[in-house]
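Chain naming follows the written order as A, B, C and D, and within any one chain the residues start at number 1.
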């Protein structure tokens, strides 16, 4: 049965950006309207300093057109305006890989939210450098693949990871406290964006042991930051951040405990925004549509 | 010198709402584009449950049209779509009346923000039932009008207030901790919306002495709520709310002190949203565009 | 092996309160010092309006005294000061019952935190009026007891619950979105305090369907409240509250989704405070020591 | 008329810290009790890692002793325990100097809070490197002293500032967006602690133009930090911090506007904590008692 015969109508979501020019707000929505589409949501943003226009459109295409064809037509139209564009169909569920090491709080949180219906995706693999969470993944009915990583084997391990990700046609990689730095090579070849959760309010306390750094500095708030991984460690485009208040009474282990809640919520919000086609990256920044 | 010859181009802002129907997103923006206008911001919302469509549009009309004429044309166009519409020109500064009693924190805060350029308006009068803040208003160079109110004189006092507001062609009334309940009659006849700040997280602790109520109940957060005044006391459409954390250590006077900060910020944010033509009221609720 | 021969020294925690009088701060700490105890933490609070003094003391008693005897001696001493007192030993883990219905988010959250070591307790039973979460509990290795409740069988069901709780010597009952109102009778006879999570910022939106109420009222923040259950529904002493910002864009199902995070965190913080012997109830309020 | 004949009883507040040792909690409170004093508040903290004990005590000394003598006796007692101690009397109002440049928001905020009774101090001078706020200070009835600072005259200007501060016996210097870096020499010789407000969430965005830095990095929260000034710029002990949420829609000028609210509140909270004798500095960190 094809998606077009489903009773819930297929919707398309487009994320566009490109050089600003007069009429852009009206153009894309006008085109959709002219093609018989029904716009559900439209949001736009203009970076006046950089001269870039951003738009997110969600619409139900005319029943007269096959949705994939409608998506292709819109891509061609957007390109003709000089815009970069991605179009996603509501019938396509993203294929997600979760990378973990030994910490399990973000992993449990992501999977339970997924089971509760918060994420429109399939979790197609759990990849780890350690066997520790194999039973946990099995309890959730998720495939778990151990690929050990040492300094000596890192390149080979990443090659295995890439082969797996490509074989599984993964659309999104989530580093759920995966305690390894991904190489620039991996990022260039893994074929999907990577969302990482860093356990500090970046750019404060980049690098290792951020809760220890925060405690040593005596800050009054701790934070967590979800960002797209880039070859510059902890420097990628920020998707979401949050903080919690701490006092002199909190020791490092309290910060670690309190930080787990921040990490879970911030990572989940970033993943949900990404899967909802709400995040546009430009330069080292993001536009996150509501 | 007319506004149209100014070097900063005049912009128009429209707030529309009405029954939802296909094509609305494209219609208004398309119309503006067709008329030679340049859209700066466009935002919309759909209340799917109530079947209402909301839109805020900000644009620079074609230089070929006088802005007031362009506004009139847009009003006619929007009405033809079955939408209720308000259109404001950037050359028109709202005329604001501030009502105060004896508390001065919100009054100072509003005036200092106004002087800092946060509010696009003119403060045309300060009205009070007490003389206490006369010198403060004078220090700011603001006219101050004392209209005493007692139970016996309330109707007459409100008549005087209405006459003053109408004479001054007031567009917005701000109750900056004005400690009097406005009658339904006043609200029906004052000729302008009224924004009130209530010192609790409504609907909790409506009515008098909310900080005392909050302390007696032992809540762990206190709040403030800015809303449009309606004839149902503390029941009007909410524009903005915020809270602050309290503990058992805080006595009523601490709540009052901490609450002042909440009241100032929440009222200022609501006023700024209103003056920026970002608030649409429907039923007992608001849409507040970013 | 008795607790006193353990290598980690046993600590005692006392929660006292009673009529305020000069010298109370010095008395209890002086007594402990005189008995050879080493105070780890001391915190106190004075409700000047009500004339009540509150204190939390945590100390390592002298190695020369058996800890239970030291606790008894302190109880006698505190009573001699006219104070009500509870003393807990670090060797005694609270025995906890979790009540659930069909929603599983708070249940998962509590159990995962417990497994992560955030709660010093044993979960001795999971009680439900529905069989839905039986497999989930089994997956965690927790006993699950179904006691159906209908209007007709409520009294009998509560009698069964009470018998179970007493048999298991339960110290704390957690209502993790248990969708039944407990009777005054149950509360009087269940033998343990009951912590409930209400999905609104009480006293706003008491009663049923609070997210629907919040949406209908158009509030800009939603909340959750953890409180001790009393015979007055949603009126018990508040332990913890928190809020999250919402806009006109959020529909009821969004509030429900966002509220789950609030409910989890607020309930967990309240449970942790209770288990850490940090919560003192007086009248309808709480003192929650840091 | 001496303070001791006043009808409101004089209270003393002591801040102590020193090497941790058994019995410290009981010692100081016991000593005060033995001397006939009545303790109003007692709070303590133990940095177990550093082995330091901290205590704040507030008490009414026996009517039989002159308060200054009671303070001296307590100082001697605390020293005998190996503790560093400061004791302040409620009859002594701190003498405060406010340093400003051209931004006036923190200045207005501090003075209005002071007039509202939030700060127990006298503002004895306003010092600026510019004449811009002279009329504002005069409107508040505050002395205003212009001491211009250029690279060439900085040492001489600081010498003038120090002479003024010493002549006025200033106890606390508040840099209310004073846009000059104070030299190590100034800090060593000005004779009073200096509280500064930095307009970022330190240690993120230290140095100049933090809102521009934050905008360029694309953070989702902006912050403000109040800290004691030290010779390492932006590295001093943090007293208070707070953040506000921003999105891609906010331009630098929005961050500056929103940041003003953060700066005002964070600076005011830090000043209030300092004036209430609630802040103890050790190493590069603070203990801030509630």
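Points worth noting:
Convention: a residue touches a chain if its C-beta (ideal position, glycine included) is under 8 Å from a C-beta of that chain, and two chains touch if they have at least 3 such contacts.
Since we're looking at a predicted model, the values are computed, not measured.
Greatest Cα centroid separation from chain B: this falls to C. Looking at A-B and B-C, the interface holding more C-beta pairs in contact is that of B-C. For A-D, the matching interface among the pairs A-C, B-C or C-D, defined by over half of the contact pairs being the same residue numbers, is B-C. In this assembly, the C-alpha centroid of chain A lies 38 Å from the C-alpha centroid of chain B. Chain geometry summary: the mean Cα position of chain B and that of chain C are 43 Å apart. In chain D, the residues touching two or more other chains are 247, 249, 290. Touching chain B in their complex are the following residues of chain D: 105, 108, 112, 116, 118, 139, 247, 249, 257, 260-261, 265, 290.
Across the complex, chain D is touched by residues 45, 47-49, 54, 201-205, 217-221, 223, 237-243, 247-249, 251, 284-288 of chain A. Those residues of chain D whose C-beta lies close enough to touch chain C in the complex are 22-23, 25-27, 29-30, 32-33, 38-44, 46, 290.
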